[in-house]
Amino acid sequence: MTGRAAGRVISYVVLVLIGLAGIAPFLYLLVLSFKSRLDVLTVPPDRHFDWATIQENYRTVIHDDHYVTFVVNSLVVTGVATLIALVLGVPAAYAFSRLRFRGADTWASTILSFRFMPPIAVAIPIYLMIRSLGFVDSRIGLILPYVAFSLPLVIWIMIGFFDEIPREIDESAMVDGLTRPLVLLRVLLPLARPGMLVAATFGVIFVWNEFLVGLYLVNSTDKETIPIAASSLLTVESPIDWNIAATVGILTVIPILIFSMVVQRYIVRGITAGAVR
Amino acid sequence: MTAVTAHAGRPRKKARLAPPTQGRGEAWLLLGPAALYLIAFSIYPLIMSLVRSFEDYNQTKNTWRWIGFRNYADLFTSNEFWTVVKNTLILMTAGVAIQVVLGTALALFFNQNLRGSAIVRGILILPMLLTPIVVGLMWRALLNPQWGLLNWLAVKMGLGYVGWLSDAHVAIWTLVLVDSWQWTPFVFVVVYARLQALPQEVFEAGSVDGASWFQRLRYLTLPLLMPAIVFAAIFRGIDAFRTFDLVFGLTNGGPVQATSTLSFEGFQNGFEFQRYGYASAVSYVMVIAAAIGITLLLRVVRVRRLDVVT
Amino acid sequence: MATVSFEGVGKIYRDGTRALADFDLEVADGEFMVFVGPSGCGKTTALRMVAGLEDISEGEIKLGGTVVNGLHPRKRDIAMVFQNYALYPHMTVYKNIAFALRVRKTPEAEIQERVETTAKILGLTPELQRKPAQLSGGQRQRVAMGRAIVRNPQVFLMDEPLSNLDAKLRVQMRAEIARIQREVEATTIYVTHDQIEAMTMGDRVAVLRKGALQQCDAPQELYERPANLFVASFIGSPAMNLVQARIEQEGDRLACVIGSQRLELPGTLLARLPALRTYVGRTVALGVRPEHLHDATLAGQGEGVDVLRGRVVTTELLGSEVLAHVEVDAAPVVTEEVLEVAGDTDRTLAEDLRSDATERRTTFVCRFSTETTIRAGDEAQVSVATDKLQFFDLETETAVRG
């Protein structure tokens, strides 16, 4: 069966090309981050690498540009905002999944619409609000709107997961003497853990990457998160040293790369939750 | 990053009397905090946006003045606004179309389950997770007019020099290209998951019934995938409508307004030019368009319950 | 219509497991052939190889005399009914049935006529515009059948088509499939793990075990003259009673010793199985069907009948008869094959058999007339129709023949 063998070879060639298309921009950026300012201009990039240059580039970004500060800020803001979103969102999702109350439908679709709303529609008033609350240039000032942005996401993902848990489990727990909130706390939360991981994953990715609102809420370096710092360093207009820019890019990507490898299955599950069920 | 769930289609129970297992305050206890938070940080700002869209902001005095529909009138009579609308529509139609076709093709390709394809699938997830700033940076490097790899390739292949980001007619399509690089994987993931969940026997039955590869694709695979494809297209369409970050990272709306989108227009006017009133009007046009879109969407998703697979 | 022949067919999966070995079989034109066996015996693999859904690792499969190895399923002109029906969920019943005709570009008028005729045969006419999800299990099963018969294919393949139905519907559909098959006179291969289905439906039944064909015969033949211990224990419900017995010479006659008891073997049996004489002094497996065991207080005596005594363990009243479980002090037959069949139905049964073997006691299941007065705990006199006894070599596990 040579026809089939040839087909397999073609399939593998296509597979490699797809992989390359996905990863080539990353690799290109990585290569640029290993070059000196002048070597960047060589097309195509040669295979000349120089350890001192690499060290120089990364040292510049990590030390001179407060990379560590940004990472810490990102971690704190992302962690706290996601946690709050879960604490608020999970009980709400449980209520939507289980309870009958007036206006449930309206509330549910309102929350879903927030997921679809252009962030710019609320960005300006939120900016003005945070400004008048005096939280500009603080982590709280970032966390407050970020929670609002990821809350609808959390609620909608969690409703789906709660819907999958049979009601009989609640009912038997209540027959055993638990109240609703206790049922949620003691029985359903352990069962809904995969759902919470999916919701948290998406919350984290969203918050970690956000910069539209943050860009103007924060203007001192020591409060900036990674994408905010990156976007003020790398705006289209500003003249940039490409080797340094590439290094910033790589250092911005690395945390999300590690994170995504750890949580890949939750990501796929979250994306497909609506489509496959 | 977009997270997606469409419970929009799940049948809602008619509100009946609460069962005895449901205490009066419980709904509020569980729902109240989230509701209050959203009222404070989503609904209130949304209303404020509406109010501001009828006002003019004086930057020096930090005061607001009611000017009625003037912002909207300015908006609808400006060429810039209609250019921006056109750009947004190109992203929503051409971009999403490319992504749906490529994403579905990728799903079919990966359905062969070649050894090693799991690694490539993992790679394909990455673009979706990236900070848009970095996506912009990567592609600005690739597309750089002096030393970018893509122009070098274009010249090598005899296409000649392309003004990817500098030519006003090309730039919007460059945006479509990069958006597709980042988001085709989303369509792929959705469609692929559905494809893997389809029962193998249906396709075996198709073979036995005499359908060729193409007939199975046309009459079995694609119709069975259609709910997932529609779902992915709708979500991509909504996100394309809101496109902001990629414009910010890649072109900053330029050259001139050639690649600006509605969101970017709102952002620029608001945050860069401090024209808060005008920006609010732009964003409210978006809100209304989105509201109409969402209403239609909920109807579609409700109708399109996935067929129960026997 | 066509014949199907398997010539030395074997299947080895990519992971190295062998599903079928050296399989030879000829299915005649218009014949209803049943493949039966416990799970993992290779019956479904054999069927899927005919369909072209599995590669053929060894040997050849011919449809109507033409080798079809390597031919795509769609070019084989076969129709298949899948275990879970595999209906096209997005198509109406009409479109499901019409699909095969449509992809062959049959004229629309002809499609309509054929689909409607098929629907009539199956009683699906009112359901034609509904989708699979709206149908009951029985109706879905019919649609799957309809999809097959509308084609008028060379061969029908059915992979456990009734296993997803409830017991009552299964009996009903069993008769219906048999009727339809006779009407359309299609060569049919039907796979099942249910030996009752196999016995009631097949013109011939092929019994498979661990990828090897054990015996292929008409149902009655299979029941009366099983080729080996596996077939003997697999076919029939309740199963054939198997016990170890020693053959002894007694003048010019033979007798068999079962534990502490002795059964005279009649001349008619010896005339049928002269080879039994070569087993004198050796232990064999003795098989006796439950219906050949009667309550001695009710049955007549004479040539070809002898009596065995045992303790009644339990009785099951079935209305038309009484199943009496009678324990006899003799070692049961515990070969790997018997254990496999027992374990397939009930794990504890296999374990009971093992412990019985160490304690040297065998429980016989007997079909008694309802007139019997026997109760659990009684000492029973069981009359054995000794001319119906069957014997198997304990080493080769094959039947003593000729």
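Read from first to last, the chains carry the letters A, B and C; within each, the first residue is number 1.
Everything that follows uses one rule, which is that contacts are C-beta pairs under 8 Å (C-beta built on N, C-alpha and C of every residue); 3 or more make two chains touch, one makes a residue touch a chain.
Note that the structure is predicted; figures quoted are calculated from it, not measured.
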{"item": "Chain-level touch network, classified as line, ring, star, complete or other", "value": "line"}
{"item": "Chain located farthest away, centre of subunit B as origin (C-alpha)", "value": "C"}
{"item": "Selected interface, A-B versus B-C, where C-beta contact pairs are more numerous", "value": "A-B"}
{"item": "Subunit B-subunit C separation of Cα centroids, rounded to whole Å", "value": "59"}
{"item": "Cα-centroid distance, subunit A relative to subunit B, in whole angstrom", "value": "16"}
{"item": "Footprint of subunit B on subunit C - complex, ascending", "value": "51-53, 72-80, 82-90, 99-100, 103-104, 131-133, 140, 147, 151, 157"}
{"item": "Parts of subunit B lying in touch with subunit C, wherever the complex brings them together", "value": "199, 201-202, 204-212, 215, 219-220, 223-224, 226, 307-310"}
{"item": "Subunit B to subunit A touching residues, read off their complex", "value": "1-8, 10, 12-13, 15-19, 21-23, 26-27, 29-31, 33-35, 37-38, 40-42, 44-46, 48-49, 52, 106, 109, 112, 114, 116-117, 119-120, 122-127, 129-142, 144, 146-149, 152, 181, 185-186, 189-191, 193-194, 197, 227-228, 231-232, 238, 241-242, 244-245, 248-252, 254, 262-263, 266-267, 270-271, 276, 279-280, 282-284, 286-287, 290-291, 293-294, 297-298, 306"}
{"item": "Complex contact set, residues of subunit A against subunit B", "value": "8, 11-12, 14-15, 18-19, 21-23, 25-26, 28-29, 32, 40-45, 87-89, 91-92, 94-96, 99-102, 104-105, 107-109, 111-114, 116-129, 144-145, 147-148, 151-153, 155-157, 159-160, 163, 170-171, 174, 179-181, 184, 202, 205-206, 208-209, 211-212, 215-216, 226-227, 230-231, 234-237, 242, 245-246, 248-249, 252-253, 256-257, 259-261, 264, 267-268, 270-277"}
